[in-house]
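Chain naming follows the written order as A, B, C, D, E and F, and within any one chain the residues start at number 1.
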Amino acid sequence: MTLPTHLPYSGIATFARAPIVQPDGDWRATFAVLGIPFDIALGFRPGARFAPRALREASLRYVPPFSDLNGKVWLDPAHSSDPLFVDAGDVVLPSLEPELARERITQAARQVKARCRLPVFLGGDHSVSFPLLRAFHDVPELHVIQLDAHLDFTDVRNGTRYSNSSPFRRACEELPNLVHVTTVGLRGLRHDPEAAQAARARGHTLVPMEEVEANLEAIVTALPEGRNVHLSIDADAFDPAVLPGTSSPEPDGFTYALALRLIRGLVRRHRLVGLDLVELAPNLDPTGRSELLAARLLMETLSEVYDAGH
Amino acid sequence: MTLPTHLPYSGIATFARAPIVQPDGDWRATFAVLGIPFDIALGFRPGARFAPRALREASLRYVPPFSDLNGKVWLDPAHSSDPLFVDAGDVVLPSLEPELARERITQAARQVKARCRLPVFLGGDHSVSFPLLRAFHDVPELHVIQLDAHLDFTDVRNGTRYSNSSPFRRACEELPNLVHVTTVGLRGLRHDPEAAQAARARGHTLVPMEEVEANLEAIVTALPEGRNVHLSIDADAFDPAVLPGTSSPEPDGFTYALALRLIRGLVRRHRLVGLDLVELAPNLDPTGRSELLAARLLMETLSEVYDAGH
Amino acid sequence: MTLPTHLPYSGIATFARAPIVQPDGDWRATFAVLGIPFDIALGFRPGARFAPRALREASLRYVPPFSDLNGKVWLDPAHSSDPLFVDAGDVVLPSLEPELARERITQAARQVKARCRLPVFLGGDHSVSFPLLRAFHDVPELHVIQLDAHLDFTDVRNGTRYSNSSPFRRACEELPNLVHVTTVGLRGLRHDPEAAQAARARGHTLVPMEEVEANLEAIVTALPEGRNVHLSIDADAFDPAVLPGTSSPEPDGFTYALALRLIRGLVRRHRLVGLDLVELAPNLDPTGRSELLAARLLMETLSEVYDAGH
Amino acid sequence: MTLPTHLPYSGIATFARAPIVQPDGDWRATFAVLGIPFDIALGFRPGARFAPRALREASLRYVPPFSDLNGKVWLDPAHSSDPLFVDAGDVVLPSLEPELARERITQAARQVKARCRLPVFLGGDHSVSFPLLRAFHDVPELHVIQLDAHLDFTDVRNGTRYSNSSPFRRACEELPNLVHVTTVGLRGLRHDPEAAQAARARGHTLVPMEEVEANLEAIVTALPEGRNVHLSIDADAFDPAVLPGTSSPEPDGFTYALALRLIRGLVRRHRLVGLDLVELAPNLDPTGRSELLAARLLMETLSEVYDAGH
Amino acid sequence: MTLPTHLPYSGIATFARAPIVQPDGDWRATFAVLGIPFDIALGFRPGARFAPRALREASLRYVPPFSDLNGKVWLDPAHSSDPLFVDAGDVVLPSLEPELARERITQAARQVKARCRLPVFLGGDHSVSFPLLRAFHDVPELHVIQLDAHLDFTDVRNGTRYSNSSPFRRACEELPNLVHVTTVGLRGLRHDPEAAQAARARGHTLVPMEEVEANLEAIVTALPEGRNVHLSIDADAFDPAVLPGTSSPEPDGFTYALALRLIRGLVRRHRLVGLDLVELAPNLDPTGRSELLAARLLMETLSEVYDAGH
Amino acid sequence: MTLPTHLPYSGIATFARAPIVQPDGDWRATFAVLGIPFDIALGFRPGARFAPRALREASLRYVPPFSDLNGKVWLDPAHSSDPLFVDAGDVVLPSLEPELARERITQAARQVKARCRLPVFLGGDHSVSFPLLRAFHDVPELHVIQLDAHLDFTDVRNGTRYSNSSPFRRACEELPNLVHVTTVGLRGLRHDPEAAQAARARGHTLVPMEEVEANLEAIVTALPEGRNVHLSIDADAFDPAVLPGTSSPEPDGFTYALALRLIRGLVRRHRLVGLDLVELAPNLDPTGRSELLAARLLMETLSEVYDAGH
């Protein structure tokens, strides 16, 4: 009889039951998880600060290895020489002080990135993508692929340049190596005209949600193969029916299957150098399915990265 | 740097931050909103009385003008000579007394209708559509287009003629100018045979949900162009996955996109004279996405009306 | 004026307002409902113990007869010589003692099965399908058709052979007459390789969710017509957007319409001898739509059985 | 080993597992329960329509007999010649029609009252106490003792004479035998001055909450012993900390112990002829403790009545 | 028959149905309400941003005038020459920028304070008390009386000087006229020793919760009569049983009655120049009783202020 | 400026941020925490399986050292030679198999107990106290002090001897060194007469809740000083108003202050050898205050143990 192991609700919750490390510790891993429980830069319903813990807990329903009905196995720690996963905990953030918070996020992200094949960042609101991207200042020709209902390329929103509406605007200003942004899933009702114009002027690719399904292949192949890509997944890219736990839902978004198809295509074609999942607000979904879906998506994405082998 | 404005959760909540008026005051506007917090005529789970306030709050995420990724702008108050929106508050209703309540609803609706291009009524359960429609007794050849999972054309339900199952039956009886009803999205399990027969005998158009998508164009063009239309949107027309906050959900309803396509077609082809959104029960959806979707739908509908210009 | 009857929230809740009987009482009926409020064999979020009562309450929105927009009537008690429905209550279960619980479930299921055309079992977690199936030991060439995100054919999970991951493994071991299992809707991430191999070795049909829609006809006709079928519906077969109230949701499952199409095909082609609905956890869905959908599904399934007449 | 019996969440929920009867059936019992799922006469948060079922379910944690730590046993069905409990279900109510509803409530209450030692009425909002009291028109010198945060003696509220603010005003007008009302627990902020004056003019006893504890004995002995008493318990008499599930909570109300002490004193001194518990709104308390407390209070009250023997 | 008026859930929600004014408008009033929906300076569970709207809605159950069982009337607008109440809306706040936010809060507070007898501020987290108090820089010998479980006198918390742990430290530093702070209800587990020492060094009065009841009179009379007092009520001063909707609850706090007794004593003895209620998080209390209690407390406090007449 | 540290919602949640150890690892500590996420032995509402994680998270608001308003410091890790806390994670439990589960609980408890001054066990339902107590078989003259609404000394409940109604009965049978049980807070309505008699026959002390406050000193001094005590705290000992998150609440229980006074007295007089907190069901309290109170109680209890020094 097999030995009992922890059921998903049992045991101290680290991501996929990975060992805990310090961001600046002495470790190497294929995938390293870092939480950024920061949500004071959003403009509607808070709660993304609770996402890193919720994702850790949800990940325990999806601990690798995975296997399909034919016995094919993915993401098998037993076949990996390196540790497959480590959990670097959460960035230690100050209260309130946004600039200091951004510094600490960038610093921890740099430390984690230097020690693993792919860092996996658990937001937090979308403003954290800016300090996270600063950790990639040394990546040649960096591309961002963003799944999102909103553009998040606004210069100034309501008196600030650092809200969750502006991360990619700031990143493009500060990172000369960030050459291109592809935003997929757009369907807000009040797109900032200046932001859209600025994005287009930079040559960014903007794909409204209603055009995604018909153009999936084209979106995947729009970039020449083998680019260095940071993938940023905003929870509100998803249809609120499948992922209601987010601050600013917009109807008619991604299903899980469609998002996975897009991500698979991108991951197989390009080299993922960074990955963040943001704007998940577990407190807004009492059914718990939002974090379960997000955790599964991360796991299947990482399986693809591992299989792609580049 | 732009001046800060209210975030959606800030400020006294009027619809789209419109100025407050009295239904019988001295004002003119393109769109005037009137709430009818009445829900004692439904037969299952109450809560629609809370909808007018919830819709006002949700509308603050969708305050016009709107703009697309190409910079096109809709519903721009700056380009409007008239005030675009006013909020006429809620009808002052008695406790319990249904007949008095209906009188007051009709009276307030008449007052509002007389002062604006299009009155927008926020229910309330579906029984309020009858007293609302009485305010349109003077509209020549009035058509009702109803998005609904249920027929709501029952003569008597459980001892009453004025429940949320009967508004259109009563309206057809009392309003000689109400010449036709189109009901789209039907998928209840216990359609009242007498009601269906009566509706068909009057020549009404009844479209089951499973036939909507394939026949969208036909539904839109079924009526000769330019009819005077009151549009009544029951929240349970929507799929409960996308709008769970309603008393009597039925599976497999409208997505947001499909509803919007239908409404756009209708609004462009006909002249909307009245609009109600009913049976939204915010207390039944702790994720808050039900009222956000409904508020966005109203805003996009009004954009179309404004653009249609008739 | 019609006499008032109970609204759905009124009156003691028996399934479809059926008379109450004892499982071993002196009665005959077309359909007999039996609840099994047992949920200690699942490995994640409990609550299925509350499903039998929740389904009884939800069934009151869908009390037969049903009628469509053309006046066609189904499941009309008035046209039935036998009582159409009885409610046999819940199995009286011990605390904690799993083996004793299984015995009592089998015994009560046998008693109910002997007195009706079709027993309808309301779980409980999926482990109850094993003791339920034992009541069908005397059915020649029994087939199981299972709608489920997971295989539930695991030999041993976490130290036990009787969890909700193993009911069909146990049933196949103990019931020589159980000749075949068809599992439709599979989409877990960690299918047990040994279980999948064992199922395939027995010739079971395993249909991943993404292949269901394209192969609906083939799934229905895979078995020669007229088989004796026990239909087991796991709530997690459904998309969590439409049925969030379940312990272990997996994204991208059945819509209501698709499930109904599949079930209709199966019911018309085969002879349903047993039906269970399991893993519904009403406590995990504060909107209440999960049990409403499940109750409606049961009612439409029974309409089909009744119409099929075999 | 003892035979298993139903756990509280198991089995069809009748009050205390009592047999089901029709209000006008052929039965006799000591206590008969009747539900009145009517809540359209309240002016704030609905949900009392769900109370009868919630109380039935909660009662299953408190099924008699009861026993203390010394082995003393109360309310033992085994020692009762008559059936101790029956459950007469809910009054069959029309939709919306308040007057018809009141008639049916009075009629069913009369039928139940005629067949038992003490009818136990489960509201419903407080407006139902008026039609319930009409069933006691033949009781000589009827006294009402009311536990309530509010006076409920208003003549007209917001256009109606039959809301949950007026039941005792109407009862005093229509029932010449209703000689006196004692209201205990008053602590609203906007007592209707006319109502207070009218109550005092009739000689009613009004006890503010802050005077209850110090005057408990005096309240009990204010009436000469042996009066015929209808006890009406409004859920908002309780402190919202201990019973949050009610439409209009007011801080600093009864604890359970204090309410029980008062009720015990009254029940031992007088003859209880009727009992109602109203304004319980289970939908407003997700912890479920409101209905558990109310069910326990009913059970302990009935124990006292049984012991008092008069 | 009296004319219907709005029920509490009806009508656009301004505080106590007061007219809306701009903070810098042309108006005078006895009481003016200003909301500060700012909650990014707290260190645990957000939600206080939703409090101003929730308090406005809850206030509608407690619209003056009030009257007791003897017909005595308080806070009667009919007997007031000035407008009794105005609602100045919420401060228009920037996203994220804490310093700019504090400036705007102070500015709006000054404007409101200059136009009324007593400004009533609705937080927001407790950090807003610092910018609010800056509006009282011109009040001679200002005293703060603070009801709170925590000291909120910390110099620096987790890298910031402006969190909700520091408002009174900052205020004492910047306002020479702030001569004394009385903090009542202390019961945290980790009082900052430096903060306690600093407060004592300034001569502040610190009263642990367990000493409040026995020393109520002493607390009230500790200050010489007639001081200018700003009263700051932290929602976590209350027992979480009576007010669960707050970020950082601590057991065994104020009951409503005890808080009201203390406040009455203070208000009668001193001159209230400012009043804030902070740290109410309506999203954390699904029963809604937290905001109802807070709204009632404000109303009864204002009644006392009005009666005191100074 | 102090360095930022984690806010309570940040960082991987171990109890009080303690280092993680294996139960059988190479470590020593003053206090060691072990979770037992087992809740299939209760008879009403499940959820205690979620308590160990919830308590870990809640403990992060109460990380020692603690300090009062006078600067006195408790439980200061800086002044401790040994590690003050370790977190031994949760017992690895099988699915369903109760006997195997009990074995593993006893084994892990023994391992933890052998390595620390005081093991702190986080249930789980109350059935876990039996396997936990087996780990204390070698403690001379063991006393159990139990805070509980219910006796939990039943021989057989509903077919099982191992439910959460029987832990102390089983422990007394199997542990000759368990000489005495004191149960404080009893207030169930259906005390098992046989259990009460058996407890009294063994000389146990049974204290009903209503006698606790008046007899606090007597309860504390009932045992001769210096006994070896295992303290078992059932969450339902508390008043449901202050701790609603528990399966089977009973009104009028302990306040936090009263429980703490009792525990302080006991801890100072006796030698605590074991401590468990059970029956906390975080899923039943959406306000989160239940686990916050329980975590604080544990922390203050441990402070007393540390100070007592024996």
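Everything that follows uses one rule, which is that a residue touches a chain if its C-beta (ideal position, glycine included) is under 8 Å from a C-beta of that chain, and two chains touch if they have at least 3 such contacts.
Given the structure is predicted, the values throughout are model-derived calculations rather than measurements.
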Both chain C and chain E are touched by which chains?
A, B, D, F
If chain A and chain D share one sequence, what is the angle of the rotation that overlays their CA atoms, in steps of 5 degrees?
180
Computed over C-alpha atoms, the centroid farthest from that of chain F is that of chain B
What whole-Å value do you get for the distance between chain E and chain F if each is reduced to the mean of its CA atoms?
38
Residues of chain D engaged with two or more neighbouring chains:
4-5, 7, 9, 43, 49, 94-95, 100, 157-159, 239, 241-242, 286
Indicate which of the five shapes (line, ring, star, complete, other) describes how the chains touch one another.
other
Pairs of chains in contact here are A-B, A-C, A-E, A-F, B-C, B-D, B-E, C-D, C-F, D-E, D-F, E-F
State the interface residues of chain E toward chain A in the complex, per the touch definition above.
39-41, 43, 46-47, 49, 94-98, 100, 127, 157-160, 162-163, 283
Contact residues on chain D for chain E in the complex?
43-45, 151, 156-159, 186, 189-193, 196-197, 206, 208, 210, 239-242, 244-245, 248-252, 284-286
Flag every residue of chain C that touches chain D in the complex, lowest number first.
4-7, 9-14, 20, 35, 37, 49-50, 52-53, 56-57, 87, 89-95, 100, 104, 286
Listed in rising order, the residues of chain E that touch chain D in the complex are 1-5, 7-9, 61-63, 65-71, 73, 239, 241-242, 255-257, 286-289, 292-293, 296, 299-300
